[in-house]
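There are structures below to look over.
Paired with subunit B in one complex and with subunit C in the other, subunit A is shared by the two complexes that follow.
So, the complex of A and B:
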C-alpha cells in the first residue's frame, strides 16, 4: 500500500514536470526560433537551416528605415521613462503620505489607463485630438506612451512607499531638515529600487507598444514595432527575425542589466562596511 | 485610543505645577510650558485642558495607559501634531506656528528610526549638517556624542549591523548631538528586551544629568517613570490625574486611577462609622485610619493601602483583617500573597518572610498602620 502510494506520487511528479516543460516550450519556442532563424543563411525563413550567417544583421544595419525607427523608439522610450518616473514618484508620495479630498478618485483615475483596453485608449485619444482639431505629433505619441506607463510606475512606487515608515521622515524633520530636504535625503534614497524598477518598466512598455502607437504616430513616423508590422506586409524575410532578436535583446536585456546593476550596487555598499564586532 | 470620552468623569486637579508665567524669553522662563492645550482629531478629543510647566534641566515623565494622550502631547511639542487650542512655549518663545524643523528639539522614537541607508556617522551628523556646522567640528562632535553613548568608533557601521540597544543609543546620540533645547523620548525602551531596558534606563538618566538637557519622557511603564523622573505627570483619558515627584504620586495618589495605575494599590470600600477615624469596610471589618481632616459620619470612602505596607501573620499589629491565602508567590526576600478577605477583589500583600511561606487555602492575618493608608472620597479624589 505504502509502496503504491509512493509510486503514485512519483507519477504525479512526472506529469507535473511534463506539463511544466510543455508550457515553457509553448512560451519560449517562438522566441528561440526567431533568434535561431535570424542566423539562417537561407533567403527563406524556415527549418532546416542551410548555414550560419550574419547577413541579415548586416542588411538591418544598412536599412535606413529600420535604423530611423529604432532611434525613434529609443528616444520615445527614454523620454517616456524619465517623465513617467517623475510623475509616478510624486503621485505615489502624495497618495501614500497625504490626505486630501478626491484622493480615492485620483488613485482610481491613475490606474485606469492600465484597465482600459489599449485599442479603446488609442482610438479615444485620437478622437479627442480630432475633436479639438490638433494634428498628430510626436508630442502626442510620447504623451500617449506616458499615459500607458504611468499606472504601472505608480503601483510599483506606491507599494514601496507604503513600506517606508513615516517615522524616518519625522526624524529628519525633527533634526532640522525641511520637508523637501527630508524627501531628497531620506524618502527618495529608500525609494530607489522602486524608482529604477519603474523607469525600466516604463521604458519597455513604451519600446514594445504596438497597437496604441499605430493610432497615435504622426504620418511618416515609424517606431520599431510598427516598422516590423509594415515590413511583414511585404514578406516574411529573415531580416525580421534579426530585428525581432534585437527587440528581444533590448526589452529583456535592459531590465535584466538594470536589476543586476542595482543588486551589485547594494552588495558593494554592504561589502564596504566593516563586519560587525561585538561592542 | 478609547473611542469615547466620559466628559463628566472626575473633576481633575488642576495642579499644573509652579507656573512661571514670565512672558519674556530668558533664563528664568521654563524650558517648556503648556497653557490649556486642547488637541482634537475631528470629533475625538485626545487631550483636553492640559497645562504644565517644565523647569530647565529637569526630567519629566508623562505616564499613563495607551491612548491617554501622552504621546500626542509629546508630538505636539515636536510639531508633529497640531494643537486645536492653547499655547506651547519653548524657552519662553511661542512655538505653535513654528514648523517642526525650526523648533530645535531632539526626538527619540520607540522604533529608533535610524536612517537605514546612512552610516552611524551620517545619522548622528544629520542634525549638525542642517545647522551649518563646519565639517571638522561635525566630526569632533559626532565622536564626542558616540563616546557619550559608549559606542565610540562605530561611525562607519550601518544601523542594520547594530543590536536594538545599540541602535537606540545611536538614536539618542543623534538627538542630543546638536544640543537641542528639549529632548523628547517616546517610549524609547519598550522595543528592548528586559535586561537591555534596565541598562538603558540608567544610561539615559546619566546622560541627561551630564548634559543638563531638559527631558520629557513618555512611558506606560510605572517602574521606568518612578526610577528616572524628577517629576511624573500621570495622565488618563486625555487629562492630567496628578503631577508630582515619584514619591508623591506613589505614596499619596491624588485619585483612584493613580492609586491603581501605579503599583496596583489595594482599594477597600467602606463607610465612616461613629468615630471620625474609623471606617467600616464593606467586608464587615472596622479599620482605624489617620485622616488629615475629620470625616463626616456615614460618608463613603475608599481606603487605599499599598501591598508593601501590609504586614502579615504575627507582624500584623494594627487593623488586623483575617482571610485566606488564594495564591502565594515566593520572591526570595519577600512573598506576594493574594488574600481573600470576603470582598469583591482579593487583597494583595507584599511582605518579608518570617518563618515559612503560607500555602494556598491557609488562614492568614494581615494588618496595616493607620498612617500607611490614603483615603479617597466618593468621587475618587484624595481627602486632604
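So, the complex of A and C:
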C-alpha cells in the first residue's frame, strides 16, 4: 500500500514535469520556426526548407518602409523609456516614503493602465482628442506609450524601494543633506537595478505596442508593429520572418546584455564593499 | 509635489478620456465621422436591443473564460514544477518565462502561422509522412485564436501562481507530511489552497487581457472570430461611428470592471500588484 502511494506521487511528479516541458515547447516552438524560416531560400514564407539563404535579410535592409518604421519605433521607445523611468521612480518614491491624502487611490489608479484593455484606452484618448478638436500627433503617441508603461516602472521601483531601509536616507538627512541630495546620493544609487529594469521594460512595452498605437498614431506614421500588421495583411512572406528574427534579436538581446552588465556591475561593487550585504 | 507628473498624466490620458467617452455615448451620430452633441439614448438603445452586439459580447466573454481556464490548468503545472524542483538552475526556467515578454507580441502571434498554416510545420510534416493528402485547415478559426491568446497569456499565469507558491512557508508542508499526509494529500490540503490567490489573480488577468484583445483575432481568426475589441476598432476606424464606438468601449470597460471588482472584493489588489511587478 505504502509503496503504491509513493509510486503515485512519483507519477504525479513525472506528469508535472512532462506538462512543464510541453508548455515550454509550446512557448518557443513558433518562435524557433520563425527564426529557421527566415533563412529559407524558398519564395514562400513556409516549410519545407529549400536551402539556406540570407536574401530576405538583404531585401529587408533595402525596404525603406520597414527602416522608417524601425527608426520611428526606436525613437518613440527611447523617449518613452527615459520619461517613464523618471516619472515612475519619482512616483514610487512618493508612494513608498510619504503619507498624503489620496495615496491609496493614486496607487490603485497608477496600475489601471496595465489592467484596462488597450482598445479602451486607445478609443478613450482618441475621443478626447476629437472632442477638443486636436490632431493626432507624435507627442500624443509618445505620451500614450508613457501611460501604458508607467504602471510597470512604478511597481518594479516600489518593490525595490520597500527593501531599502529608511535609515540610510535619515542618516544623510541628519548629517545635513537636503531631501533632494539625499535622494540623489543615497536612494537613487540603491535603486539602480530597479531603474535599469524599469527603463528596459518601458522600452520594450513601447517598442512592442500594437493595439493602442493603431488608434493613436498620426496619419501616415507606421511603428514597427503596425508595419508588420499591414505587411501581414498582404501575405506572409519570408521577409516578415526575417523581420521577426531581427526584432527578436533586438528586443531579447538588449535586456539580456543589460542584465548581464548590471550583474557584473553589482558583483564588482560587492567586491569593493564586502560588508554592505550583511548590514 | 512629487506625484504631480504622474497625476497629470493619469488625469489627462486615463480618467478624462474615459469620462469624455462616457459622455460621447449620448451624442447623436449623423454620418461617418460627424456627430452632434444633441443628447440621445439611441446608441444605448441600439446596443441593448440589437442582438448582434450582445452576441459579440457573449462570445468575447466565452472566449475569455475558455482561455483563462486553459491558462489556469496548463499554467499551474510549470509553476508548481519550478517551485518544487531541486534543479540547480531554477533561474533559467524563470528567465525563459520572462523572455517571451520581450519578444514582440505581433511576432509571437504571427509565428503561429508558421506552425498551423498550410505551409506550417504540422501540415508539411503530416503531408510528408503521408498521413494526410490535403493540408488541414487549422488557422483562421476560434481554436487558433484561443491558442494564440494562450501563448501570450501563459507566462502571466505561471508567474502569478509561482509568486503565490513562493510565499508558502515550506515547513507547513513538511508538517503535513510528518502528520501522515501522503504527498497528494499535502498538496490538496496545504499547497493548493495557499496558492489559490495567485491562481485567482492569474485567472482575472488572463480573462481581462483575452477579452480585450485585438491583434490575436485579427491575425489568427477569420472574420467570424472577431471579438469585441475588433468590433470597437471597426466601428470607430472603419464606420467612423464615434458615438457607437464609445458606447461599445464603455460597455467593455464596465463589464470587465465588474469582474475585476468582484475579484478585488474577495482578494484585494495586492496579489495582482505582486504578479505584475515581480
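We adopt the following convention: the second predicted complex is superposed on the first by the 256 of 279 C-alpha atoms of A that agree within 3 Å, B and C clash if a C-alpha of one lies under 4 Å from a C-alpha of the other, contacts with A are read in each partner's own complex, and residues count from 1 in each chain.
Operating definition for what follows: a residue touches a chain if its C-beta (ideal position, glycine included) is under 8 Å from a C-beta of that chain, and two chains touch if they have at least 3 such contacts.
Quick caveat: nothing in here was measured; it's all calculated off a predicted structure.
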item	value
Subunit C versus subunit B on the shared subunit A, clash or fit after superposition	fit
After the two structures are overlaid on chain A, angle v-u-w for subunit B, subunit A, subunit C in degrees (C-alpha centres, nearest 10)	100
Which of subunit B and subunit C A:167 touches, first, second, both or neither	first
Broader residue contact with subunit A after superposition on the shared chain, subunit B or subunit C	C
Which superposed partner A:190 touches (first subunit B, second subunit C, both, neither)	first
Contacts of A:51 with subunit B and subunit C, given as first, second, both or neither	neither
Which superposed partner A:176 touches (first subunit B, second subunit C, both, neither)	first
Partner chain in contact with A:155 - subunit B first, subunit C second, else both or neither	second
Touching partner for A:207 - first (subunit B), second (subunit C), both, neither	second
Minimal inter-chain CA distance - subunit C and subunit B, angstrom	19
Contact residues of subunit A, present in both the subunit B and the subunit C interface	none
Contact set on subunit B toward subunit A in their complex	78-80, 100-107, 109, 111, 113-117, 119, 126-127, 130-131, 151, 154, 156-158, 161-162, 166, 174-175, 178
Subunit A-touching residues of subunit C, taken from the complex the two chains share	1-3, 5-7, 9-10, 13-18, 20-21, 24, 74-75, 77-78, 80-82, 84, 96-97, 99-108, 110-115, 117-121, 124, 128, 150-151, 154-155, 158, 182-184, 205, 208-209, 211-215, 218-219, 229, 232-233, 236-237, 242, 245-246, 249, 252-253, 256, 260, 269, 272-273, 276-278
Complex contact set, residues of subunit A against subunit B	165, 167-168, 170-179, 181-182, 186, 189-190, 270, 273-274, 276, 279
Subunit C partner contacts - residues on subunit A that touch it in the complex	5, 8-9, 12-13, 15-17, 19-20, 23-24, 26-31, 33-34, 37, 44-48, 87-88, 90-91, 93-95, 98, 100, 106, 108-121, 123-128, 130-131, 143-144, 146-147, 150-152, 154-156, 158-159, 204, 207-208, 210-211, 214-215, 224-225, 228-229, 232, 236, 240-241, 244, 247-248, 251-252, 255
